[in-house]
Amino acid sequence: MNNQRRSVLKSGSGAAFLGALAAAGIVKPGMALADWNKASFETKNLADTLKALGVSSPADSKDIQMTAPDIAENGAVVPIGIASTLPNVTMIAIMIEKNPSTLAANFTLPAGTEPFVQTRVKMGQTSNVYALVKSDGKFFTTSKEIKVTAGGCGG
Amino acid sequence: MRQKKLFLLLAALVAGVGGLSSPVALADASADAIARYREMIADGNPSELVAAQGEELWKTKRGPKNASLEKCDLGLGPGVVKGASAQLPRYFKDTGRVQDLETRLMTCMESLQGIDPKTIVDGKWHKGERETMAALVAYIVTESNGQKINIDMSQPQMKKMFELGKMAFYHRSGPMDFACTTCHGEEGKRIRLQDLPDLRTQAGAAAGWGTWPAYRVSSGTFWTMQQRLNDCYRQQRTAEPIYGSDATIALSVYLAATAKGGTVLTPGLKR
Amino acid sequence: MKRISIIVAAMAVSSGAFAAGEDLHAAFQTMMDNSFKTTGIADKYRMKQLDFQRLCSVEKEPSKKVMESIEAQQLKTIRYPADGKYFGDWKKGEKIAISGKGLTWTDKTRFDNGGGCYNCHQLSHKEIAYGTIGPSLQDYGKTRGKTDDVVKYTWGKIYNAKAFNACSNMPRNGDAEILTEEQMKHLMAFLFDPESPVNKK
Amino acid sequence: MATNPMKIRAANNGGITEVKALISHDMETGQRKDAAGAAIPAWFITELTAKHNDKVVLSAEFGTSISKNPFLAFKFKGGAKGDKVSISWKDNKGETRTDEAVIA
């Protein structure tokens, strides 16, 4: 445990420095190593999440593609893929409106990384899922409703 | 956005499906959506993580005898893992028993490593030696992925187990009068949105037997065949089958023999 | 050893691979006896079959005569509500229809069970996750009406489905004490109430 | 507490490297209760960094909504066969792990 913690400190010294900036409430997508933005992950609705991320009224965009099922067979694993044709994408975030913690993930994409991420999220119930994309310093969004169904014998 | 529109269309379709028009359209739309969901998660089966641990465990010296399982004979000779689970259950002369993968591994763990089978039989799922077992199983069944289900039915002991397994399959009992057939004895049925293979047919048995053991998305854990059968009985509301008991092995023989010629697609990925 | 197994194999072939002989049935009983155990509320005794369970544990349905005799016996088990009231609260009924819990060895009590209706039946217009082992019951009250005959038949079917189809897949909710009379009344309301999502889009 | 290795695959196709990773982690939300009714404490990956050789190609922050045994896929320009791709994570208990793969 101690050894592991030491290696964290060692390898994470750069992150700690940048983390100081993040702790001040400034999120800078595009940073190489952002320390965990606790405040943004503690938000419980979309408006607060956007606020915590320093985003105001992102525009709906057809240039963001969300690949996700219409119906999830199980809420424990819901595949979400986000891609975009917008220029200079530096950040992609996934938000789940009705989850206890709205922000699921926030990706920072350095130059040279394609505007494409795929992951899997948990959903407590049927909800809108939002993709937030930062392109050329501006924020854009798209959403999709995913139905979560009950399954199995229920016992 | 387009997806949203598509969804509205689906919703309209759903709304249009009244009591009079066909509910089949709705069922198909849901079934298609579920099929797409399954496709999306198929790439990246977390069983891989468990299998990697299992491979380590197979080679690790453990137990009172401080030995690995590398000399374990799963039916194709000592140490042969590739293709072994596609040919299990099997009659083993050395134990005089028909054994499935897990009971065979118990034999190896006892004889090679000195691990008491009781730690597994009386254990708890995903704890202790049963967790070890699950990892070993994940590794071994991965090594049969893509092979044909091909169990050796030439021995009379196997024939007998097949007949006993079939009887168990039809055995109705308990407060809900259920048997395996209640859910798996007719084609094209489902529970909630989960398709139910008709396990009496070759195609159905291949779809069922061929895709277990599997990673269960709902629990986030890897399930061996023993656990799969255990939970089938739990949902049937019968008494609990003893881990590795003959009834579970007989059912496995019935399923694997019926599935013969089908493709092994293990480990599976399930709801 | 080898010789014995050859003889056994030869016997197996000649007797049609262990066709339903007495020995096989005895072996089956022994196997079942040795293969199950009591865990929590699920007693090992659950593996013992009732007569009709045994008669229905076959590949093909039993004869018409056997079926009819089972149905006649099962019909006698049905208890209709003593107060003559068949309908409870459809909202509670919907919850019972959705819940599939109860009676497993991981349940702490053998009471407070769900009906598990959605495992096999389509019911509400809104619920898409429904099973198809049983027929769709969508618009049940709307299409069948609420005549005394229909109401009584429906109660009986919920109480003990085997009275109407000897080897039905449907559990005997009342007779096997899976659901209480009150719970079945709620289910009745869920099926018949015009305001219930079963009948109202 | 020992951590288990990730499964990382990286393949270059037409100048773009696609990385797929499966990460062994419980990702407990802190909202669940155990059989005895006691709350299971939150335990989840908070940060993740992916590198191509020594260059960061993706960094991520996760919340409790990410599924158990997380899956992640992304793409970056460049990357030659035989190059190293590594992924490191850190969780809310301070545990870390780094695994690597070679681009195929």
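In this document, chain identifiers A, B, C and D correspond to the written order of the chains, with residue numbering beginning at 1 in each.
Keep this in mind: contacts are C-beta pairs under 8 Å (C-beta built on N, C-alpha and C of every residue); 3 or more make two chains touch, one makes a residue touch a chain.
What you see is a predicted model; the values in this text were computed from it and never measured.
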item: Comparison of B-D and B-C by number of C-beta pairs in contact, larger one; value: B-C
item: Whole-Å separation of chain centres (CA-atom averages), chain B against chain D; value: 28
item: Intercentroid distance (Cα basis), chain C paired with chain B, Å; value: 25
item: Chain A and chain C, separation of their C-alpha mean positions in angstrom; value: 46
item: Euclidean distance of C-alpha centroids - chain A vs chain D, Å; value: 14
item: Multi-partner residues of chain B (each touching 2 or more other chains); value: 30, 44, 191-193, 220, 234-235, 237
item: Residues of chain D touching at least two other chains; value: 67-68, 71, 73
item: Multi-chain contact sites of chain C, meaning residues that touch two or more partners; value: 103-104, 106, 118-119, 128-129
item: Pairwise chain contacts under the document criterion; value: A-B, A-C, A-D, B-C, B-D
item: Chain B residues within the chain D interface of the complex; value: 43-44, 46, 48-49, 52-53, 220
item: Chain A-touching residues of chain B, taken from the complex the two chains share; value: 1, 3-4, 6-7, 10, 30, 33-34, 36-38, 40-41, 44, 191-194, 217-220, 234-235, 237, 271
item: Chain B-touching residues of chain A, taken from the complex the two chains share; value: 60, 62, 66-74, 76-77, 79, 81, 120, 142-145, 149-155
item: Residue ranges of chain D in contact with chain A within the complex; value: 1, 16, 27, 29, 31, 46-47, 49, 55-68, 70-78, 88, 90, 92, 94-96, 98
item: Complex contact set, residues of chain B against chain C; value: 14-15, 18-19, 23, 26-27, 30, 154-156, 159-160, 162-164, 167-168, 170-179, 182-183, 186, 188-193, 196, 234-235, 237-242, 245-248, 250
